[in-house]
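Below is one structure, written out as structure tokens; comments come after it.
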Amino acid sequence: QEDPDQFLRVVEKRADGIIVRGAKMHTTSAPCVHYFVASPSRVMGEEDQDYALSFAVPVDTPGLTFIIRPAAGPLEPKEMESPISSEIGFVECLSVFEDVFVPWENVFMCGEWEFTPQFIHYFSSYVRLAKGTCVAARTDILTGVTALAAEYNGIEKASHVKSKLTDMMMTASLGWGCSLAAARQCSIHPSGIAIPDILVSNAGLYHTRLKFVEHMYTMQEITGGIVTTVPGEKDYQHPEIGPLVDKYLKGKTGVAAEERYRLIQLVQDMTASRLTGYLMSSAICAGGTPETNRVEVFRNYDLREKKERAKVLAKIKPDPYWGRY
Amino acid sequence: QEDPDQFLRVVEKRADGIIVRGAKMHTTSAPCVHYFVASPSRVMGEEDQDYALSFAVPVDTPGLTFIIRPAAGPLEPKEMESPISSEIGFVECLSVFEDVFVPWENVFMCGEWEFTPQFIHYFSSYVRLAKGTCVAARTDILTGVTALAAEYNGIEKASHVKSKLTDMMMTASLGWGCSLAAARQCSIHPSGIAIPDILVSNAGLYHTRLKFVEHMYTMQEITGGIVTTVPGEKDYQHPEIGPLVDKYLKGKTGVAAEERYRLIQLVQDMTASRLTGYLMSSAICAGGTPETNRVEVFRNYDLREKKERAKVLAKIKPDPYWGRY
Amino acid sequence: QEDPDQFLRVVEKRADGIIVRGAKMHTTSAPCVHYFVASPSRVMGEEDQDYALSFAVPVDTPGLTFIIRPAAGPLEPKEMESPISSEIGFVECLSVFEDVFVPWENVFMCGEWEFTPQFIHYFSSYVRLAKGTCVAARTDILTGVTALAAEYNGIEKASHVKSKLTDMMMTASLGWGCSLAAARQCSIHPSGIAIPDILVSNAGLYHTRLKFVEHMYTMQEITGGIVTTVPGEKDYQHPEIGPLVDKYLKGKTGVAAEERYRLIQLVQDMTASRLTGYLMSSAICAGGTPETNRVEVFRNYDLREKKERAKVLAKIKPDPYWGRY
Amino acid sequence: QEDPDQFLRVVEKRADGIIVRGAKMHTTSAPCVHYFVASPSRVMGEEDQDYALSFAVPVDTPGLTFIIRPAAGPLEPKEMESPISSEIGFVECLSVFEDVFVPWENVFMCGEWEFTPQFIHYFSSYVRLAKGTCVAARTDILTGVTALAAEYNGIEKASHVKSKLTDMMMTASLGWGCSLAAARQCSIHPSGIAIPDILVSNAGLYHTRLKFVEHMYTMQEITGGIVTTVPGEKDYQHPEIGPLVDKYLKGKTGVAAEERYRLIQLVQDMTASRLTGYLMSSAICAGGTPETNRVEVFRNYDLREKKERAKVLAKIKPDPYWGRY
């Protein structure tokens, strides 16, 4: 970091408040809320104390600029072709603070770098649990869509299809299970708040998020190459062309061509549109990355105890100081 | 099954009890207990009613023969070379019933095939939870042994070693987490007994048991090829040869050669002795196989509901009958 | 298949040629070529003889309609935001034959269903080899992009980054190696044409194509969440907003913000645009699916021989008839 | 390394030859050959020149001691219970050189540390190719044994069994393919010797060796828990007990109980005996470890070129110096 402004910092402390400068990346939905709440995103040392900063400001505060990226929507909203991405989307933004004033009553942290480890720990404990349930639930969605595609393609009884659906169910169950266990195995903070177990939640999320992307391609595989070769909605609704598409898209007996068409387009919207990047990135990069999960697991696992137990098995003299403190 | 005796069945019902014939495989520890309790091992139909059988008999009942396989111990027990397998072992046996009499007061099921699905379900729910905690705990052991081997080899700070230890910690955490969640998410049987959730426990166990065997080879990789080339304990304790082994087996500064020798032999006992087969088989084949886990997950997951939700996303008309009953 | 027209078939044979009816799906680039060449896409039986059909027709033949899906391009072509998808794209189409006349000199197969197994085998042997090299080469692209992103983010020396790049290199090398081996191990057809080995090519492609999609998310992980939150090109080139983006997007010393911006947008174009669906689908569904690879491997592996060799190891009497014919 | 003798080094150079001291680990089969050939096992720097040593000595040279570990055989050799480990085994040894004299005509390298990189490279290129074919061929053995076990258990048509066999076939084909490609893509040394491609061979071996161990447990899973619970050979051949074992071990119609018994014992010998450690260790630790493969791939892949190509895609100015030299 060559430029001291690259991260958000306090540049002046006054009697009535502080002046902050810098930017926050990845501030999803920031322009749509009432208050912008800033807080540290990593553990800090004494030399970082100007950056150990947490506060809230109304989004229309002078000096605060949002550089916005539109939601990952379709070229134009269509009912069949973009059933999800026409309706749901997240505004991403880069939030720039150019000497913004924050009154003291809205400042929660200003220089107390020594509390950043706890803050990050508490925050991470919740984020991992929340993200774990999110990815597990989205895996349930992939499972349902894939099973319906298999049914419409007349291959739901094929053993490889059942096996792939089972893999998806495993991921969803495992992701949910680890989140539930993290909640169950929480520690209680002196304030009375429950802090979810960080070891189990990270282990579960790591596994689930990587599998989620694999399941995206499985959903595409079972739906078929048609996902990226299917004629568009305008052709489908054209009086002459539409019936041709209908005729040739017919799947198994008992399923209307339009139902199959809609489902193919749903899979297209999920795996071959701009929304796909959101789904993938939201699984991989949101709430920490897979690497974050690994670091947290390594850091929170009691390796020392396990090494001492190994000595017992090997009949090696234990460390006399272990367990004393 | 050509031979009606191949599985255990009732061949005669009398006023005072029943006569049973056939055999039970895989009856671990059977000869070491007071009572042998038999029960069905799969769901049965009406045609299997003679096999829908559960009872208890003292192990010295006439007509009951145990064909025993000795525990997976070493060629001869040694303190350093077989620290685990000299001390722990399970007697496996094939239990043969040649017209054994069981008095009615010891008969729990005799012909009630229609209760076998519930029986298997209750039994499986417990077995999966128990096996899940077992494999998770054994993964903790592998983690500790591997970490200690890395320390003695002076490579504990190597990034690939930390990464591999992290994988082990993930498995242990995830296996434990899913078992805990299965207990937390139990259903309460009308009798008041808690039945663990079978979906989460199977998903967790499936993942954990397969990883366990992979971690066995990781433990071997990090300890090194020395695991299968290390000189034996007799050489190690020989007055002339011993010091040579000691000299060349020296690992990093501060660790006695004997400590490293003992640890290498522990890994040898776990990954290159007859005990290895027990550890692998106990992870893979005990308490149902990985395939059993897959079948249970597929069977217990509510796929119908997920398919209906997919229809909502695709704007397909839902099944009008779904959710009605 | 309720509708006999759903696949392409001959409906009339005349003195001067044949009349064909039906459709071909997934006919990539069809409208851009001079001649449309149709051929069977699966093995057929006697009852399918009307469908055992291969011929060539000019693309402007009467009765031939192309229902076209535009290439997976961006909302509007931009140099930075869509560096690949503005320039490259494939036209997908559904090709409909409504009683198209084909003169006999352009008919290669018409009813000879008994040759379809060989045709599919020869065709598949080439397709798997070609697809194998394609996915391997694309993995090389992912590797280079990811390595450059790591360099610009200043994390190229991080052990987890090197480890992930190594995984990508493995996939590229392995995919290329199996294709090369399939060519080297070809069989020579009596006509003099080399037929690549189908076992090795399918094994290599299966592995490579699944890993390819995983590497897509790794590329995204290493580039960072910024891939889907980065401000757009219009903001970047705006006189007031651009400098702000520049200031906060600055990566490591020595790399211009614009270079990092361009690279982030390249990753965005590859993993979060409509092109993403093409990259994923082209890896998973083109040239047969992963399941096709599995079926081909199972079908072409000499399992019988391996079972006989197992008998030798177990000292079981071999099958006296094996190897005789 | 505190002790200068821990590795093999030259301690004196004389007119007629050299005196060497130290030890070599993992010298498989050393006592069974005519000449012991020593060579460096890693790249060395100038400070290591005493260790840059290669020579040959007859195995009965004074001062050379072999500390031998017996082959991984059974408790006592038996035809059925240890069909492989009774017959095949490797002698492992620690070879200690206590001031051994080597005449100059048998010294190939003595101090030329600057040639160690090439030496290791040439050696590794061959070892990886050789190990790749070895593990691929052993995977073929696992495949055959597993398929025969499935047949004898009457489950060869089960889809999960076919799927698991397909995974094994994939591994065998892929391992063989990469070795073949490494040979095909060799470079020719000025001496005329072909040096196999090191990138493809390492990628192939890495994948194959890890899968090999997984396939060991699959073989056990498909054969069944009986692998570690089966009654021993003495019971099987006992006049009274034998028939009972026979009766209850009967598999599917048409397969003699003895054939199934022999096959179960073969799997036991491969996955639950001391031989198991050899099979696992030979896959994981021989010819370099999985980590060695990763390092070689990272080191030999032309990452620079791939990064420059990424710049072309992103429309970033290429490095003007690249490709010049």
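For reference, chains read A, B, C and D in written order, and residue numbers begin at 1 within each chain.
Here is the rule we use: a contact is a pair of C-beta atoms (placed from the backbone, for glycine too) under 8 Å apart; a residue touches a chain by one contact, two chains touch by 3 or more.
Please read all numbers here as calculations on a predicted model, not as lab measurements.
Chemist: If you average the CA coordinates per chain, which chain's centre is most distant from that of chain A?
Modeler: Farthest by centroid: D.
Chemist: With contacts defined as at the top, give the pair, B-C or C-D, that has more of them.
Modeler: When C-D is set beside B-C, the one with more contacts is C-D.
Chemist: When the C-alpha atoms of chain B and chain C are each averaged to a single point, how far apart are the two points in Å?
Modeler: Whole-Å distance between the two chain centres: 42.
Chemist: Using mean C-alpha positions as chain centres, tell me how far chain C is from chain D in Å, no decimals.
Modeler: Roughly 35 Å separates the two chain centres.
Chemist: Identify all positions of chain B at which a residue touches two or more other chains, and write them in rising order.
Modeler: 160, 163, 294
Chemist: Write out the stretch or stretches of chain D touching chain C in their complex.
Modeler: Result: residues 79-80, 83-84, 140-141, 143-145, 147-148, 151, 162-163, 165-166, 169-174, 176-178, 180-182, 184-185, 199-200, 202-204, 206-207, 259, 262-263, 265-266, 294, 297-298, 301, 303, 305-311, 313-317 of chain D touch chain C.
Chemist: Which bits of chain B are touching chain D when the two form their complex?
Modeler: Interface residues on chain B, with respect to chain D: 2-3, 5-6, 23, 25-26, 28, 65, 67-70, 72, 75, 92-94, 96, 160, 210, 213-214, 216-217, 220-221, 224-232, 235, 241, 244-245, 247-248, 250, 253, 268, 271-274, 276-278, 280-286, 289-291, 294.
Chemist: Provide the residue numbers of chain B that touch chain C in the complex, in ascending order.
Modeler: Per the stated touch rule, the residues are 159-160, 163.
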